[in-house]
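What follows is chain A paired twice: with chain B in the first complex and chain C in the second.
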Partner chain A sequence: MNNNNKRRTYFISGFFVLLLVLIILAWQTLGTAPFVRTSLSGLTLGSLFFMVAAGLTLIFGLMDVLNFAHGSMFMLGAYMGWQFYTNPTFIFGTAPLWLAFATGVFLLPILKPFLIRLELSESWQNALPRLAYALMVVFLLIGLLGVNIMEMADTAMVAITTTVVSNPLSEIGPQEPISSFWIRPLALFLAGAMTAVGASKPGNKKEYATDENRSRNLIILAFLIITTIILTIFREALPVAVLLMNGNLRFALAILTAVLFGFMFGMVIEITFIRPLYQRHMFSILMTLGLAFVIGEVVHILWSPLAYQMVRPPFFAQPGKAETVWEWFQNGNATLNVFGVTFPTYRLFIIVLGLLMFVSLIILMTKTRMGMIIRAGVQDPEMVEALGINVRQVFTLVFALGVAMAALGGIGAAPFIPVQPLMGDQFLMQGFITVVLGGMGSYIGAFVGAITLGMARAFGDYFALRLSLSPAIAEASTVIIMIIVLLVRPSGLFGKKE
Partner chain B sequence: MKQTQKTDLILIVDHIQTYIEQFHILQNVSVEVPRNSITVMLGRNGAGKTTTLKSILGLTPPREGKIIFDGMEIQGKRAFNIVNLGIGFVPEHRAIFRQLSVFENLKLAERTKGDLDRSGDFIFDLFPDLKRLIKLPGNHLSGGQQQMLAVARALVPENKLLLIDEPSEGLAPILIQQMMEAIQKLSATTTVLLVEQNFIMASQLADYYYIIDDGKSVHNGLMKDLIKNEDLVKEYLGATAGKVVSGGLQ
Partner chain C sequence: MSEHKIQRRMTIRNLLQREKAFLIFILLMVAFPFVLGTITGTGINHGVTKFWQGQLIVFFVMAVVAMSYDLLIGYCGILSFGHAAFFGAGAYTTALLFTHWAPSFSTKYRIFIPGGGDITGILIFAFVILMAVLASVLVGLLFSATSVRLKGAYFAMLTLALAEALHILAKASDFIKWTGADEGLHGVPVPAWINPTQFRPRFYFIALVFLFVSYLFIRRFTNSPAGKVIIGTRENEERVRMIGYNPVTYRTLTFVVSAIFAGLAGAMFSMWNMSATHSMTSTVITVNALIMVILGGMGTLVGGIVGAGLLQAFSHFFYDWFGPRWPLMFGLIFIISVLFFPYGIVGTWRLKRLQIKEGWARLIALLAVKKE
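And then the complex of A and B:
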């Protein structure tokens, strides 16, 4: 094992020396300005690759699940952020509905300890969940029939083509009046509650649940109920308030929305679709692949296959070049002078975002108990459980975290590449190559791999252009790097798993 | 010798049957562990001793039968819930976390904040080596040090019962001696259920024995009675163990 460690160290240092030589060579042949410009482009791409790859590698490392839906989650993050930034009618219009449903489902840990203690005959034990699920469907129909989701989804699309810059509110259309709308969240709450009743298997003595955390659960439930009511009441006022906000603040909130959405979406997907399939890897791969198609089609239906360009927030949008960082911070210029090169400030922001994510990930993995559990779980989840840690919950959190990171990448990319249903595919592909290159399960490997691939793409593009070769060479370069590394070291740069 | 009374039992495994995938591994295992004693499960490789421990922990939940720990039925509960009732587990093959440092391995075993501060002195008193190695990653430890860490990890929270799987496996004789002394010291404050292939070690440590054979518990009683019963030992544990009993190896 020590010998193996040594070889790994040699290999990694060799790889870095090679990179350094290549970088210096490129610098010498290109000259400073093109070199800086190309490197920064490479870092921007690498940063986005990393945001996709980090989640992929964490999820694979801990749970052995290859998440083919990760690109779709990247895309969903972009769509959610774009919606929030351009016209949040869709988000605020539907939020009370699904939040009400989630609140209902959250009754599960509170109801279950009581329900399983009920004395029920066997036939009732079988019938009650079915009855509950049937009622759930009825409530869902009551709650959702006639909701004009398409129209709400359209608002941001229309906003892009018709909104006058000075009046962001011109596209806020009227919605269903609260006097008739209130029944919908209520029906969805009841549908959620029925799901909770069905899922807790009343009367089943083999089930187990504690009410240890009852007070904590009740507080969360109260919080959810209050949030749902507030969102229901201010359903129409909130989009207006958001659109009247300062653009930079709105963008920050859009990022937060995308990340929060990614986290919740990841949790729901893990609990409902991935969790039952941990013992069957092939099935979980097929499941994520299927999810990717479904998500893509739903986005197709909601927002049509058209590509949208999200407007850059004002902090990155004023025309003109800033000479110093300070000047940029004051004026919000679109470009900045970096070592004599004019470079878009928004791309610098993406680089900073990626670096911030990497640093937070390092802190999470090395300094917190959660990180310790993840590192231990990568090796032996069963033993982690035997220490008294709820590994299933950790799996859910890590999956949600991975999806949230992909969503962050999505909203980060949205003002920079067109928002369209296939935008995640390219990043999923590059994300997989990154993960394989860096070593399955290693987040440091994902970072090094992402930066390497981003650089390869940028320099490949540059040379292809200069030597008038096909740009396909740049795209192939990432795969070639992966093949070379895999030939020398099959487990990837930082890989420990085979 | 301690008297066995029903009320004194910390763990009752009552006729459990466990399947791993389609294989019927445990066909009928019953074990009773008296409080503040050392009970050892003996038997050939593949007899189902490790599976019995894992069934108690809920890692391979039994399909039939009851498990009562400290007066509470625990079969069917999730493993982390069972463990949190006060069971420490030392797995076979010293499954410590190799990517984590010794300190992190111990810290991870905490159930409530400050467990390690409370039990640290006791642990480092038992295994002084670990204090010196505290910052080293797990994969830099020798086999013996890894085994000590695996035992130490189970001592971080306060446990009513320790399940220890093959503590002597692959250890040098001097380390086996040290491990035996450590387990002896532990039994002063807690109860130990041991799986052990090394019959010398088992016979010197344990108060009670169970013999598991082919997924069934076939014999049990006081250890001091088993040592006298050469035929029984030979039948289930092989000739080497039989020699120990007849005095050949001691």
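And then the complex of A and C:
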């Protein structure tokens, strides 16, 4: 063990020395200006890679699930943020529906203690969940038939194809009147409630449920119900309010929306699709592959396979170059002078975003109880469970957290990478390479790996251009880096020994 | 599942006796063009009959890909995402040799057998196929060499990366002179006697024989002593090593056999399309093979054929039913299959068949008791 640690230390220090030598060499051969420009674009890329890889590495480290759907989560984050920023009709139009359903499902912890105490005959015990699920389907049909999702999804597409100069509010069309719409959230709430009834297995004495968190659960339920009602009532007014907002604030809210969406989406995916498959590892990988496939197709249907360009928020959009950071903050210039190099400010923002995420991840992992449990879970999940901690809940949270980070990367990338259904695939591949380089399960490793990889990509592209090779060679070189690292040191830089 | 039966000596005759369903399927496929040709009255090289032969050719080729993948995932228990590399290596080698080497060679040299017959074309064809097999076997050996150190998810990622590297190389504009980069190689001059547009029925029967021989060979391989050791490594690698077999050797063997058939299928596919494009090395091929095997049933071989048939049928009919976004339906079916039917169609059927038999036995026993 000690010997192994020593070897690891040698390996890491050797790696950093090599990196330093390479950086100095590059500096000497390129000269300052190209060097700064290339390394800044490398850092931008690395920062995005980190946002994808952090989730991947945590999910793999804790639950041994290789999440092939992570690229799709990245893409979904970009789409959600883009929708919110350009025309949020789709988000606010559908939010009451699925929020109502979620509220219904949240009845589960409240209903379950009562339902399992019921005295039911065995035939009723079998029949009641089936009845509930059948009712759920009926309610779902009542709630969802006739909802014109496609038209709502099209709004942002229309907004982007018409000229930017025109009033974005002109794209907001009338929706179904509230007098007939109110029945849909209600039906979906009932459908969710029926799901909760079915899932709680009424009358089954083998089930176990505590009642101790009832007041907390009731408060959350009340909050959810009120939010749903508010969203239902202001369904048409909210998009207008958002579009009238200051662009920077709207962008901040778009980031928040994407992250929140990622968190909830990750939770739902984990509970419904990944959780039943923890016992069969190969199948959990296959499941994520299938999910990636389905998510990609759904996005194709909703937004057609075109590439959209999200407009940069005004803080990064004023033409002209800022000489100092202070000037940028005052005017919101599109480019900034960094050591004599003109560099887009938005890319600097991405670097800062990645760093902020890294710092908050460190704080979460080292300073909180949650992080302690996660770190322990990476070491030995069975032991953590034996100590009386609900590891399943932690799994769900970590999965949701990972997806939220990927979604953050997606919305971060949206203003300078075309938003299209395949945008996540490349980042997934690079995320895998990063994770392998840094070591599975280590977020610090993911950071180091991401920065290294981003730099390698940027400098590779630069040299490929100089030697008049195609950029494909630089792309292939990162793959080759991964192959070499896997063969020389399968556990990566900071990974635990298998 | 069939391994529960008492082992008889595996001769080809026994094999044919056991594989009645497969033989019936092959006979149906042999009769298919003639029957359809007579019904529609178009002759077997025209119209609807020709079109359906084309669909079935793709089905046969993909069935072999699925079977070779099943050998890895179902029999050896290896999750590899690099199957497209085998397929692509076969396809690209065939297309490259036919485009850049065969014409110049055949104009320079002619080879005759002593009687005076010209066998240059046949020799070139045989050489190209041999080279395609060799290329994919080399990739297979590379994969198996890395599998010594890596297991599970790490190995899956490595194979994904290796296949991706090949995909990037196939797309790279640096080799545009040879591979055609993004466009790929088109109009590959395949030998005239096998030209799929001119002699569709001939190509159809070649593909059918290819499927038949591949199935028999892989079935024989999995039933051989080596195949049993391979199944053993899937179940418990340490124990196999303890008994005295080297798992690495057997894994390498599996990879080689799998690569040979995937490479041959790639060669067939590129000859059928008369082209080689970078999509033949993309992960789509691997994912398709995976979906076929999962849908049909892992570790059954027949499952691969069933899955390939379903995929081919779905891609034809779903387009009419659901429009251009039919893969969504397909993905949903895949997810449901992974969640609820992990043994696939063939595997689930075999499980249920046993249950049904037991149910019959119980019913008969019940009736017998009542009679007394």
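Odds and ends about this structure:
By definition in this document, the second predicted complex is superposed on the first by the 493 of 498 C-alpha atoms of A that agree within 3 Å, B and C clash if a C-alpha of one lies under 4 Å from a C-alpha of the other, contacts with A are read in each partner's own complex, and residues count from 1 in each chain.
In this text, a contact is a pair of C-beta atoms (placed from the backbone, for glycine too) under 8 Å apart; a residue touches a chain by one contact, two chains touch by 3 or more.
Predicted model, so just to flag it, every value in this text is computed and none were measured.
In the superposition on chain A, A:432 makes contact with chain C only, while chain B stays out of contact range. Looking at the shared chain after the overlay, A:17 reaches neither chain B nor chain C.
Contacts of A:290 after superposition: chain C is touched, whereas chain B is not reached. Between chain B and chain C, it is C that contacts the larger number of residues in chain A. Shared contact residues of chain A with chain B and chain C: none. In the complex of the two chains, the chain A residues touching chain B come out as 1, 5, 206, 208, 210, 369, 372-373, 375-376, 378-380, 382-392, 496. Within the complex formed with chain A, the residues of chain B that make contact are 57, 59, 76-81, 83-84, 89, 91, 95, 97-100, 104, 107-109, 111, 139, 153, 157. Against chain C, in their complex, chain A makes its touches with residues 60, 64, 66, 273, 276-277, 280-283, 285-287, 289-291, 293-294, 297-298, 300-301, 429, 432-433, 436, 440, 469-470, 472-473, 475-476, 479-480, 482-483, 486-487, 490, 498. Of all the residues in chain C, the ones that touch chain A in their complex are 73, 79, 146, 149-154, 156-158, 160-162, 164-165, 168-169, 171-174, 287, 290, 294, 325, 327-328, 330-332, 334-335, 338-339, 342.
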